[in-house]
Amino acid sequence: MDIHIRTLLTIITESSLESGLSKELEMLGANGYTITDARGKGDRGERVAEWDAEKNIRIEVVISGDIALKITDYLQEKYYKNFAMIVYSHEVKVLRPNKF
Amino acid sequence: MTDPIILFFLLGVIAGLVKSELRLPSQVYDSVSMLLLLAIGLKGGIELNKQPFLDLAPQILAVFLIGIILPLIAFPVLLWIGRFKRADAASIAAHYGSVSVGTYAVAVAYMGSRGIFFEAHIPLLLVVLEIPAIVVGILLARGLSKQTKWGTVVHEIFAGKGIMLLLGGLVIGAIAGSDSLASIKPLFFDLFKGVLALFLLEMGLIAASKLGALRQYGIFIAVFGILMPLFSSVVGTLFGIGLGMSIGGTAMLATLAASASYIAVPAAMRISVPEANPTLSLTASLGVTFPFNVIIGIPLYYKTAQWFHGFFGV
Amino acid sequence: MTDPIILFFLLGVIAGLVKSELRLPSQVYDSVSMLLLLAIGLKGGIELNKQPFLDLAPQILAVFLIGIILPLIAFPVLLWIGRFKRADAASIAAHYGSVSVGTYAVAVAYMGSRGIFFEAHIPLLLVVLEIPAIVVGILLARGLSKQTKWGTVVHEIFAGKGIMLLLGGLVIGAIAGSDSLASIKPLFFDLFKGVLALFLLEMGLIAASKLGALRQYGIFIAVFGILMPLFSSVVGTLFGIGLGMSIGGTAMLATLAASASYIAVPAAMRISVPEANPTLSLTASLGVTFPFNVIIGIPLYYKTAQWFHGFFGV
Amino acid sequence: MTDPIILFFLLGVIAGLVKSELRLPSQVYDSVSMLLLLAIGLKGGIELNKQPFLDLAPQILAVFLIGIILPLIAFPVLLWIGRFKRADAASIAAHYGSVSVGTYAVAVAYMGSRGIFFEAHIPLLLVVLEIPAIVVGILLARGLSKQTKWGTVVHEIFAGKGIMLLLGGLVIGAIAGSDSLASIKPLFFDLFKGVLALFLLEMGLIAASKLGALRQYGIFIAVFGILMPLFSSVVGTLFGIGLGMSIGGTAMLATLAASASYIAVPAAMRISVPEANPTLSLTASLGVTFPFNVIIGIPLYYKTAQWFHGFFGV
Amino acid sequence: MDIHIRTLLTIITESSLESGLSKELEMLGANGYTITDARGKGDRGERVAEWDAEKNIRIEVVISGDIALKITDYLQEKYYKNFAMIVYSHEVKVLRPNKF
Amino acid sequence: MDIHIRTLLTIITESSLESGLSKELEMLGANGYTITDARGKGDRGERVAEWDAEKNIRIEVVISGDIALKITDYLQEKYYKNFAMIVYSHEVKVLRPNKF
């Protein structure tokens, strides 16, 4: 069993972007993604997840390093200015290189 | 006195102010809204099933007109007096041009508990009034720029939870009719006010959570959030009388005009006018106008409707 | 015409097709299913409380037989005509040998709103019919291999949400009886059809979400998903007549036979026949057979039951 | 026999013991508790609306006294016989000095289905009895140390979900009165026992999940969890008679005294006495005392109340 | 306060495996685990988390590097072929070495 | 687009601490946080998230390395002894250094 390095990109943002983002992630080359519901606080204030307009989602994508960069660029370009969003990434070990 | 269910709203507000950890779980809040939307749609549909549909055309047109006028009046006020950015002014205007189903539900309860008659097809007007302001708002923010994906806008509006359930309920009610729906009435109609009480409890909590932002964004939002519905209610009242509606119907139309959206419009604006700050519009709509309407507005609009009817000797 | 609650199913389908963001929150959907399962169990139990239990033995045996025959007939068809892998054929066969509580609930509503009598112990048969096909399915996939952990299988079946609530409701109903349960009827019985309407709304959304997979897996699943229930319904009808059941009871048994599981069986197969692709069986069961049964099947099975009863001059 | 809804509790216990994956979704469980709390509060408030409030002062004081006495008696027992750490003894004592709304709800159902009268203001006493034990518990654990943030404690108690909804319901009921609340009765009152049944199903599951810990912490907790409520019930009974309450009212007060908290107190202790192990108190309260009270206790306390009333020739 | 290195292993898979997996993780040497509900998309299609058969869970285990390997092997062996599952891992800093 | 290194600190603990912890995190210098509901098992037994007393939360904070240490110290000091809690951290890449 040999181990391969990929990048785990995590996006935390407004739930209203879920359907749009998931399409865009696939378009940009992700083979998959995982979404969990979240709440939180940031520069755009508290998002308590009690009703639609104030729900957050947490999207994880395991992807190659360069696609991770591509996605980060895209998100910064399109969403940072007007949406509650943070993005961070780091390397992870996976077994199936061609799956991600 | 307003309806006792308002006490649940106040309980929510108080719980929010004392920072209670009381919450209506989000999924339950979603379902409670769904029940209200469906129930309102079904009630309207059942009535449409009884009466000819066509002679409603003038009313539908009139209401559509209201939905265009109100945001066009609100916009300059917000832009020049309120000194908001264009996008924010347009977005807030759209919120106030559209309707709040929660406010409508409270009005239904108010009329119901007083046995006041109102035209049965009002829910249809509710649906109609929800839409035009969204389009006007986007145009005010963007002009006729090619940027705007109108396909997305239309989808956002009609595929949204609100319209889907209201229209769905209307159609189901209109097709099935009262008798064949008797078996689902225990859930959708008998529980209506109880469910509304739970909904208002959570709305109180949400309203209270907006007070912080309200302080931050200053007095204008508070004033606008009260004066705008008052003005809109007069517009609604006049249209109601012009359309020869009953006192109750006039009051309902006034309430619809006076109410500000917090479901359909915010969702649509977030997609089509993302640079508009949602906190501004929701603070005004949920933090000021919703409480004002359910506590003071509705009874007031009813009085006004009575007065005008008397005045015009209708 | 089928029951008006079917309109909620269609609303769900349409909302799904237009990609509406309308959803019944998952925890609420879970609870809605729980309510239906408990209500069905309780209703059956209350009746069992009135009548002697033993003389049901023959019927229970007969239904058990149906649960063994149906998958044994479906399997070769799926294997040779459908050209499915053995595990998939076995799994799909198990789904169609078992029952769908949702379909049953719609049939109850159908008979109810037409005041059609059916034997009160049918819910018991529902429970019985749910089980054997699972065992048959595992045997078809694995043979009598030692691999199969039968302990796990039994636990998976009886500790599963479905059986637990159906049996639990049956026993509670049978012990407590009608009168002492009067106080919980408002929730479990009066709201039954309303809750069922919400359930069907979500089922419509789920069914619509299966259309993509349906296109992908081709025509055979669509055809099988319609012909198999038709065939099963005839088997059910003949058994019903053979058992001397009423017209309503015969139609109910036909519906049970025709329905395909989407709760108990998928869960059991996932554990015991993991190499079977769940998308295949659920696409057939939820994307084709459930819609077919609730819209066309149930009224059809009732007609058939009438016809057969006439024919055999029962 | 106890009330049939107890069968739902047993179903939950059995499902838990056979490791069924049956669960009431957490958000639904939260809402179910909220409904019960509001319903109990509203019922009490509606009655307070009918009768003068002031002459309840002595009863309120007496109940307050119970809430101080019980933990003071439980504490040394837990400390010296139970050999618990001081914090744990204090925390468990607080749980048993306070009340369990779930137990109260079952008692309401028990009296209701037997048409037994009890004073209508008991819910008020329920609220009162919930509070003092918390303060006593903290004092027992900490003494009068400056460490304790009493502000936080007060907030924790009154802003907690339980008190908020009970008091809120009481006030709403008292203000609005029976007639004007008629429209919300279908949800809060007609569904009460059905909702309680769902609540008990989940409570059964939770109780079963505590058996492991019970084995681990040994026999003392089991014994204490049965003897303490028996003792408390006698205290409650004597106070009830002393206060000249009806048989039903006396039994209710005994039940309140016998019940052990699992909402307000654990939450408060976690914040104010964090070194106390919550598993200990919840194992006793949910794993032993709650089942004992709802199955054996309530009918027993009623018999006792009858006996004492006979004895004192009240 | 000295810092220690452990491995955080994340498993995203079908919720039907929850009870089984948690037992197996303990068996393989994990002292604990954390589970959150999730939805997502991958090679086995979209899992929308609306009803039981299509729910995902996200399991996190903080563990020593070698046990992480042992678990990964075990999962690949037993589940990769027939279940919707991804596994990835990376190092994290913790304070209590003997807790993990 | 230049990339910056920050620390992602993850806290898994009892949900009853949510309001208190989020205040403390801001006090200690976090500009934001993200919370998701969780269940799990650890030294303090299983926490099944079925009812209030047994719910877990998972708090994520993206923060500079030294503040991460400060927070970790604080948590260990105040909560480790009496509360179900684990804390772990690792470095992540972010775009907006002054945001975190």
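Note that the chains take the letters A, B, C, D, E and F in the order they are written out, and that residue 1 is the start of every chain.
To be clear about the criterion, a contact is a pair of C-beta atoms (placed from the backbone, for glycine too) under 8 Å apart; a residue touches a chain by one contact, two chains touch by 3 or more.
Please read these numbers as outputs of a predicted model, since none were measured by experiment.
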| item | value |
| --- | --- |
| Chain F reached from chain C - shortest hop count over touching chains | 2 |
| Both-way neighbours, i.e. chains that touch chain D and touch chain B | C |
| Taking each chain's C-alpha mean as its centre, the one farthest from chain A | D |
| Farthest chain relative to chain B (centres taken as mean CA coordinates) | E |
| Interface numbering overlap (same over half, different under half) for chain B and chain C | different |
| Inter-centroid spacing, chain F versus chain A (mean Cα positions, whole Å) | 19 |
| Centre-to-centre distance between chain C and chain A (centres being mean Cα positions), rounded to whole Å | 40 |
| Distance between chain centroids, defined by C-alpha means - chain A, chain B (Å) | 34 |
| Sites on chain B at which at least two other chains make contact | 19, 21, 24-28, 30, 161, 186, 191 |
| Contacts with two or more other chains, residues of chain E listed in rising order | 36-37, 90 |
| Chains that touch, pairwise | A-B, A-E, A-F, B-C, B-D, C-D, C-E, D-F, E-F |
| Contact footprint of chain E on chain F as seen in their complex | 10, 12, 36-43, 56, 58, 69, 72-73, 76, 80, 86-90 |
| Contacting residues of chain D [partner chain B, same complex] | 25-28, 30-31, 34, 155, 158-161, 164-165, 168, 171-172, 175-176, 180-181, 183-188, 191 |
| Of chain E, residues touching chain F in the complex | 1, 6, 8, 22, 26, 31-37, 60, 62, 90-96, 99 |
| Residues of chain A that touch chain B when the two form their complex | 14, 16, 20, 44-45, 48-53, 55, 81-83 |
| Partner chain C, residues of chain D touching it in the complex | 3-5, 7-8, 11, 14-15, 18-22, 24-28, 109, 112-113, 186, 190-191, 193-195, 197-198 |
